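Here it is, the structure, as structure tokens.
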Amino acid sequence: MTNFVPTPSVPAPDIVRCAYMEIVVTDLAKSREFYVDVLGLHVTEEDENTIYLRSLEEFIHHNLVLRQGPIAAVAAFAYRVKSPAEVDAAEAYYKELGCRTERRKEGFTKGIGDSVRVEDPLGFPYEFFYETEHVERLTQRYDLYSAGELVRLDHFNQVTPDVPRGRAYLEDLGFRVSEDIKDSDGVTYAAWMHRKQTVHDTALTGGNGPRMHHVAFATHEKHNIIQICDKMRPCASATGSNGPRPAPVSNAFYLYILDPDGHRIEIYTQDYYTGDPDNPTITWDVHDNQRRDWWGNPVVPSWYTEASLVLDLDGNPQPVIVREEKSEMAVTVGAEPSPTPAR
Amino acid sequence: MTNFVPTPSVPAPDIVRCAYMEIVVTDLAKSREFYVDVLGLHVTEEDENTIYLRSLEEFIHHNLVLRQGPIAAVAAFAYRVKSPAEVDAAEAYYKELGCRTERRKEGFTKGIGDSVRVEDPLGFPYEFFYETEHVERLTQRYDLYSAGELVRLDHFNQVTPDVPRGRAYLEDLGFRVSEDIKDSDGVTYAAWMHRKQTVHDTALTGGNGPRMHHVAFATHEKHNIIQICDKMRPCASATGSNGPRPAPVSNAFYLYILDPDGHRIEIYTQDYYTGDPDNPTITWDVHDNQRRDWWGNPVVPSWYTEASLVLDLDGNPQPVIVREEKSEMAVTVGAEPSPTPAR
Amino acid sequence: MTNFVPTPSVPAPDIVRCAYMEIVVTDLAKSREFYVDVLGLHVTEEDENTIYLRSLEEFIHHNLVLRQGPIAAVAAFAYRVKSPAEVDAAEAYYKELGCRTERRKEGFTKGIGDSVRVEDPLGFPYEFFYETEHVERLTQRYDLYSAGELVRLDHFNQVTPDVPRGRAYLEDLGFRVSEDIKDSDGVTYAAWMHRKQTVHDTALTGGNGPRMHHVAFATHEKHNIIQICDKMRPCASATGSNGPRPAPVSNAFYLYILDPDGHRIEIYTQDYYTGDPDNPTITWDVHDNQRRDWWGNPVVPSWYTEASLVLDLDGNPQPVIVREEKSEMAVTVGAEPSPTPAR
Amino acid sequence: MTNFVPTPSVPAPDIVRCAYMEIVVTDLAKSREFYVDVLGLHVTEEDENTIYLRSLEEFIHHNLVLRQGPIAAVAAFAYRVKSPAEVDAAEAYYKELGCRTERRKEGFTKGIGDSVRVEDPLGFPYEFFYETEHVERLTQRYDLYSAGELVRLDHFNQVTPDVPRGRAYLEDLGFRVSEDIKDSDGVTYAAWMHRKQTVHDTALTGGNGPRMHHVAFATHEKHNIIQICDKMRPCASATGSNGPRPAPVSNAFYLYILDPDGHRIEIYTQDYYTGDPDNPTITWDVHDNQRRDWWGNPVVPSWYTEASLVLDLDGNPQPVIVREEKSEMAVTVGAEPSPTPAR
């Protein structure tokens, strides 16, 4: 039986949205080539060890920090909160949960002010901040608009062994579930959860964790994703990508690619508005083979097995705990081929 | 000097988003042809006198009510609030403002429950409701997806003589300004204001009012708008449309068309996220000829003069008050031709 | 050693383009639903046993004839020639080749005049005609333009055991090769051949034949194909489709779907101009796993095995001859998985 | 009465397509910025005085030559012919017409071999060549694909005072008319004429001439044109552009922009196939206000008055002869406003 995270007596911090991810990469030059030259993210600032990147329509300092380090991993999943006081609220909240926290008035990265980082109950390094340097929103810099332009950070996706436990914890933290995948035995395989008015700010994927499944950026239109996929080819052996797909889950059109360290990046477009209090939650049956690909392409097994390590507050990888419940892969991949015509 | 609307002592209702507009049309059959056959809105329900329409991704009962009547006008700008209690809050708020209000537990239209309608300080018929019948969200009904599919109600646009007065009133009501148009004398010509995390739920356009400038629906991509524009041609004499344009204001790509009664409809796509508390407000100079059309097409004069009447709670048209300040049209239209090359 | 088709002494007919295909379907009502309701082809004329369909921009009577019959098969691959005299040329050409021919002054189908049908040296039922009824070109009927609109017939694709033999025969007939797939032993697996200025009017795929691999219709843009793929889902079990792909071969973006009888239909967009006399021929290596899918999705095995029977001039299926050379499937499918990332 | 160009007794050269234009620019650095940095044409070769540019899918040496010179003008409208012998045919054809001709075995520009240039009966500098250096076709260089990528040279457009005279001359030369604009008095205002299987390789616009109205490049999709239009803004005062439009004539979606010297460039997409011998010619009525803009935007007057000078074979501008017949502008521009709604 699930050992649920207790609900704190103090109020949860008021989270606005997922704001940035800090990832450790082992070859900064190669990563720069991938994120700047191929994906076209915009450099806000950079130095020998670190690159601060943002999407076209962002006005905060960055959506992605690449930091040179010895082991490819994720150092922080950072959320923006509604006011400076909410950073205090976050600190108090996690302290009551008994989690290790670290507060830095000057921020953990350039361009971000007073922040708290925590090792959360699922083992993920979460950050909460309000203060940030405003930078130029490049929305109308059409001269910079590439054929596969990434316009917004859309969401995170986290791998965790016990999805219901993680979901209850995130619901306490104020997230609302837009969609989930279950089976008839009541096993939950994945859940999509949001603060901003889209399908998700983060999602939980059942599997060995804590690990980072992917971080997603949005494009304006579908052709932008097709272009990125076309452009990837020269480094196909490093991407493991095989084409964009439409997902009934989130109703988006999406593409998974891998960076030089194997961190998975999603390119994503056109989910739907979820801002009403009674926004209908959609529950998918794990046996619906088209829940992750409307078109019926078989899902890639590595999507269920490969993910990035996450770091504790000392910068060491968190140990990975094995999922005990049925895995979505075992239940579905290989179980059935894609539909075959009658003839 | 502006005679500002007083700020009530009771809290403003917590508004979620613009939800639907009720408009009176003089020939229901002709309007049905326009909204259903040409624009492709989906009929939730209809009877002899009324048609309830929704966009593809909507799950509440309707986004537009067409009601047969003697005079083309707008009967309600309806907002959804966060909970049933917020309808009480809205009623109390407008009562304190001395506005006429009418509460109907069973709603003013089919599919909507307990609601309050008010004649607001600017003379507009505003409605606030929470309860609504959930209907099928057609998001994954690809068989219904037309080449110019309207996927969401995006915003209203209201014409009012005194924009700063209207803006202050709406800010009290909880709206936040995303963009505005001013001149160096401090005159405000227009303001874009939001509750949901887009550029606007409603906007104020300076002019003789209270009148309804337009109601806007969103498409997924730009080609969807181009298709609607192409399709309009057979009724071009009734539309007054001349092509989609990119607007730096809201950064959207948009098209204005007119329904058979002359109600202006906007088709709109791809504005930006405004959900952060410190989302930067953009102020445009009224003399910037590209603020309303990035490409420099001259603005159509009727955009500044024509608009729809609005009704009081008895169903009679509100008298139109003349704007005394400089008009955006006088300041800009005809003042300068579109840019000419040097040669 | 290949037993080449002799080159006739009389001139080959001057072929303009692939013009229409006549296919036999076993349930006309179900086929109508597929081609008219789902794919949106336009009905020029229909009766109890036959439906004549055309694409949006076509001005000849039809691009596809569906005829009710006992066995699903292809009755004719019809080409338009440059003048009435070229029908005589075609008849003489095939008579010299010793092929069975049948001439009908009034045409084999409605809307087509004087024609000759032949059982060609590869066993395919080819038709040549010039006379046709002109019908309304729907190019500017934007009211008919669907989200997945098919605007032109693009090409045929034929399965034949001996590709070099077929290619030499078609080159004699005036076709020019734009692209082909070979291996280092000199085996040819496929060839793309054109008369009009696109990549192909027909292609030869190595395999058991004579059979029809697919008939292809073009859309304007890529999103049109994505829409068709989305819309297919309800009949996914009958389509065997799994998403559009970009093909380096022809540089097009394409989708394969199956009609209710299993006839394969391709939806295709954006190949390139081939009209110059020295248009460079592209030769792909059969071991290049991305030749048929730029993105590296594995090719569907049935693409190499399933195809439609073709009829002789009496309406009986032509016997299928087994390919003796290496098959593209054996050489490539399963041989290698899609690229895996290094991690 | 029109003084028609005589029909030569020798056969016309067999023209394949419009292939490149050579234009003289007054500031090569500024022009480079426009054509390379903004429009994204690809540099095949360049030196101090000349830049050779091509579109993405081109395999001949260039589609545009920019040459530094004292007066902005067009030095050549170059057509590719079907074989080396056709260059002889062209020379003989124009000699019989009494035109000045110049033959250069080594070509007039880099990358082009044996060519003949002529001062044609309408005063235009036409070139005919077959030999050309093949260069890399960039079709699959997705890394080079910009958001507004120009993929092909599509056509020329020439201004000439007497359209029927020009049309008859070009029909003799083997061009076929796809569309034209006339009035009920039989006056012809414009004609679209093709050799390749698109709507045009060149068009004649009635006006003071000989002058060059524009040279057109094609994009794959409509969003590519929108992007170019968005990107132009910073140099709007130099472009005189006001947005892409759909044209019933040619059924294309198009945009006019001006280079730093005022040479007009068209960006164009999605016309239709014209390769059948009996392709229906479309005749538009000059009083149909939507013939040049389906959406009813008023046409820009400068489209009828401004155009580029053309050079004789000595490099001197050809004198401009005034059109005597009614001008399309006088007949239509200003005559009627864009359609107004009834209200």
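Labels for the chains are A, B, C and D, by order of writing; each one numbers its residues from 1.
Throughout what follows, a residue touches a chain if its C-beta (ideal position, glycine included) is under 8 Å from a C-beta of that chain, and two chains touch if they have at least 3 such contacts.
According to UniProt, the chain labels map to these proteins: A, B, C, D = 3,4-dihydroxyphenylacetate 2,3-dioxygenase.
The structure presented is a predicted model; accordingly, all values stated were derived computationally and were not measured.
Engineer: Can you work out the rotation angle that lays chain B over chain D using Cα coordinates, in steps of 5 degrees?
Structural biologist: Angle of the fitting rotation, chain B to chain D: 180 degrees.
Engineer: Starting from the Cα centroid of chain C, hunt down the chain whose centroid lies farthest away.
Structural biologist: Measuring from the centre of chain C, the most distant chain centre belongs to B.
Engineer: Measure off the straight-line distance from the CA centroid of chain B to the CA centroid of chain D, and report it in whole Å.
Structural biologist: Inter-chain centre distance comes to 44 Å.
Engineer: From the mean C-alpha coordinate of chain A to that of chain B, what's the distance rounded to whole Å?
Structural biologist: Centre-to-centre distance between chain A and chain B: 35 Å.
Engineer: Between chain B and chain C, what's the gap in Å when you average each chain's C-alpha atoms?
Structural biologist: Chain B and chain C have C-alpha centres separated by 50 Å.
Engineer: Among the residues of chain C, which ones contact at least 2 other chains?
Structural biologist: 221-223, 230, 233, 294
Engineer: If every chain is a node and every touching pair an edge, decide which shape results: line, ring, star, complete or other.
Structural biologist: complete
Engineer: Inside the complex, what are the residues of chain C that reach chain D?
Structural biologist: Going through chain C, the ones touching chain D are 16-17, 57, 59-60, 80, 82-83, 134, 137, 139-140, 151-152, 196-197, 220-222, 248, 251, 270, 272-273, 275-280, 294.
Engineer: In the complex formed with chain B, which residues of chain C make contact?
Structural biologist: Residue positions touching the partner: 38, 142-143, 145-147, 149, 221, 223, 227, 230-231, 233-234.
Engineer: Quick one: in the complex, what on chain A touches chain C?
Structural biologist: Interface residues on chain A, with respect to chain C: 221-223, 226, 229-230, 232-233, 236-243, 245-246, 253, 258, 261-262, 290, 293-298, 302, 306, 338-343.
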